[in-house]
Amino acid sequence: MQIQIFITGGTFDKEYNELNGELYFRDTHMKQMLEQSRSQLNVSIRSLMMIDSLEMTDDDRELILTHCQKSKSDRIIITHGTDTMVDTAHYLANGLTNKTIVLTGAMIPIVFGSSDGLFNMGAALAYVQTLEPGVYIAMNGQYFSHDNVRKNREKGLFETL
Amino acid sequence: MQIQIFITGGTFDKEYNELNGELYFRDTHMKQMLEQSRSQLNVSIRSLMMIDSLEMTDDDRELILTHCQKSKSDRIIITHGTDTMVDTAHYLANGLTNKTIVLTGAMIPIVFGSSDGLFNMGAALAYVQTLEPGVYIAMNGQYFSHDNVRKNREKGLFETL
Amino acid sequence: MQIQIFITGGTFDKEYNELNGELYFRDTHMKQMLEQSRSQLNVSIRSLMMIDSLEMTDDDRELILTHCQKSKSDRIIITHGTDTMVDTAHYLANGLTNKTIVLTGAMIPIVFGSSDGLFNMGAALAYVQTLEPGVYIAMNGQYFSHDNVRKNREKGLFETL
Amino acid sequence: MQIQIFITGGTFDKEYNELNGELYFRDTHMKQMLEQSRSQLNVSIRSLMMIDSLEMTDDDRELILTHCQKSKSDRIIITHGTDTMVDTAHYLANGLTNKTIVLTGAMIPIVFGSSDGLFNMGAALAYVQTLEPGVYIAMNGQYFSHDNVRKNREKGLFETL
């Protein structure tokens, strides 16, 4: 079984630009994360975009959906900014029925040392191997069905409706 | 659903003693790990022992088994040194039938910055919520049934028999 | 000999706000830095302000100058944002003649793990103990007299005029 | 002015061997440390040995002395295990009169994240540029003349006699 990992950006992969003090994207850190984790899973990593999820459009979501549909794998992880992760989960659920899709992200960039990203990625990889087909969000150690979750922006946490 | 986490030591919780250059145990880092992970799971953490798994005796394993049996939770994670993790999994499987037990650990101590521990803990928490009753090992992103796994000591990885 | 450390903010002490993705100030990390460094120096730490140095006004600089003049110590370190560090050094040099003042900062926040701050602080503490009275900038392992230094913004480095 | 950096090992450069749980040496981390520090100093790095300072013999010290004497630079930093750092300082002081030699080390390995090494290296580089010829130890933010220092093994700190 091969697990497909699609990268779309989000806090997960943000870097600090020391010349102007702003956060930006360069490359994904997925490969290094899986190496640090000693993961032996058979994964295929592909970056679809590198954007803040607040900037994600329905065209972007259609692109993600198309890639999920075309992927040879029926177990897919999508790294995604947390702000519109639920929106993308809804979008994908409308176009996919027979695959296990897990969206995950991070509240703190991987490169900042104190990130929740490695934990979330461990959970997402476990959930994608064990959950029935459907579209899920894996955050805060929990998994949520796409139609029963929202981000609580004041607390920075995901919760059921 | 409450998840029970039993701490037994292992590389996971080792610290560096700067006075003599040796590794030792002080306290578990589980609470800080779950905080960094923004985990919202309902967990109960209890330290049963703090030992290197090469020093673990069958008396120790009996103690762990007893705690698993008595726990009100039927979803239990055990942090454990990797060297004899498989032995403990066998021992527990002989005495437990109706609970989901997931053993996990780390190759690099949590405090060393480049640890696999946070990833493994994320995976273990996901597996314990989704796997059928049984005794499992969660390492390298994978889960293994207790009766189909060994540690490859040359590579430092777990693999199926 | 007591060394006075004045905190003014800058990248050094910036934190990541996971709720809105912006950098902000909370408290200085000086105490933890000196603990990690096993410093045995006799220091007095005082926060004068916590601002981005691009926002620093001459009123702020006058406040810093006054504190330097009034300090019982004649060896003073000032942590400062790098963007206007040279301006503040000039300002202080006009009002101080008999003290050794060393300004330092960081290109990467201390909390981000890969910061240059700990190195810079080690250098600043050494320079403040060994240099003649004057106003200096300690960055990039080097020390610069206040009247022979500029920040090269394209490279993010300090250099002589 | 070029600064010569000689590497001899010590806690500074120790790594964790995840296969057997022991600390060992591989390569020095000096280059990465200076990169993280954004150092712009003109340095030449050379590894003379990679050993625990408890294993250092007078033959080893003679080798270090010879390299110090032959170096084109008269400003030299030596990274060294803390246990016998004072012994080596004495040895070098007997054979060198016209160079500034600064020995430094770390209580926690660089790779462990919470190391004092980056701070110590910042201080050592500043001291080697500013101190008169002589043999010094730079630890705990302080500098000590070779003939007025000892390591307090209970506290893990250097102190004057």
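The letters A, B, C and D name the chains in turn, as written, and every chain counts its residues from 1.
The rule is simple: a contact is a pair of C-beta atoms (placed from the backbone, for glycine too) under 8 Å apart; a residue touches a chain by one contact, two chains touch by 3 or more.
Here the structure is a predicted model, which means the values were calculated and not measured.
Shared contact partners of subunit C and subunit D are absent; no chain touches both. The most distant chain from subunit A is D, comparing centres defined as mean Cα coordinates.
Chain pair A-B has a twin interface among C-D, A-C or B-D; that twin, with over half of the contact pairs alike by residue number, is C-D.
Once the centre of each chain is set as its mean CA position, subunit B and subunit D turn out to be 39 Å apart.
If you average the Cα atoms of subunit A and of subunit D, the two centres end up 44 Å apart.
Taken residue by residue, subunit D touches two or more other chains at 107, 113-114, 156, whereas all remaining positions touch fewer.
Per the contact rule defined earlier, chains pair up in contact as A-B, A-C, B-D, C-D. Across the complex, subunit D is touched by residues 11, 14, 16, 18-19, 21, 23, 52, 107-109, 111-114, 153-154, 156 of subunit B. Within the complex, the subunit C residues that touch subunit D are 33-34, 36-41, 107, 113-116, 118-127, 129-131, 138-143, 156-159.
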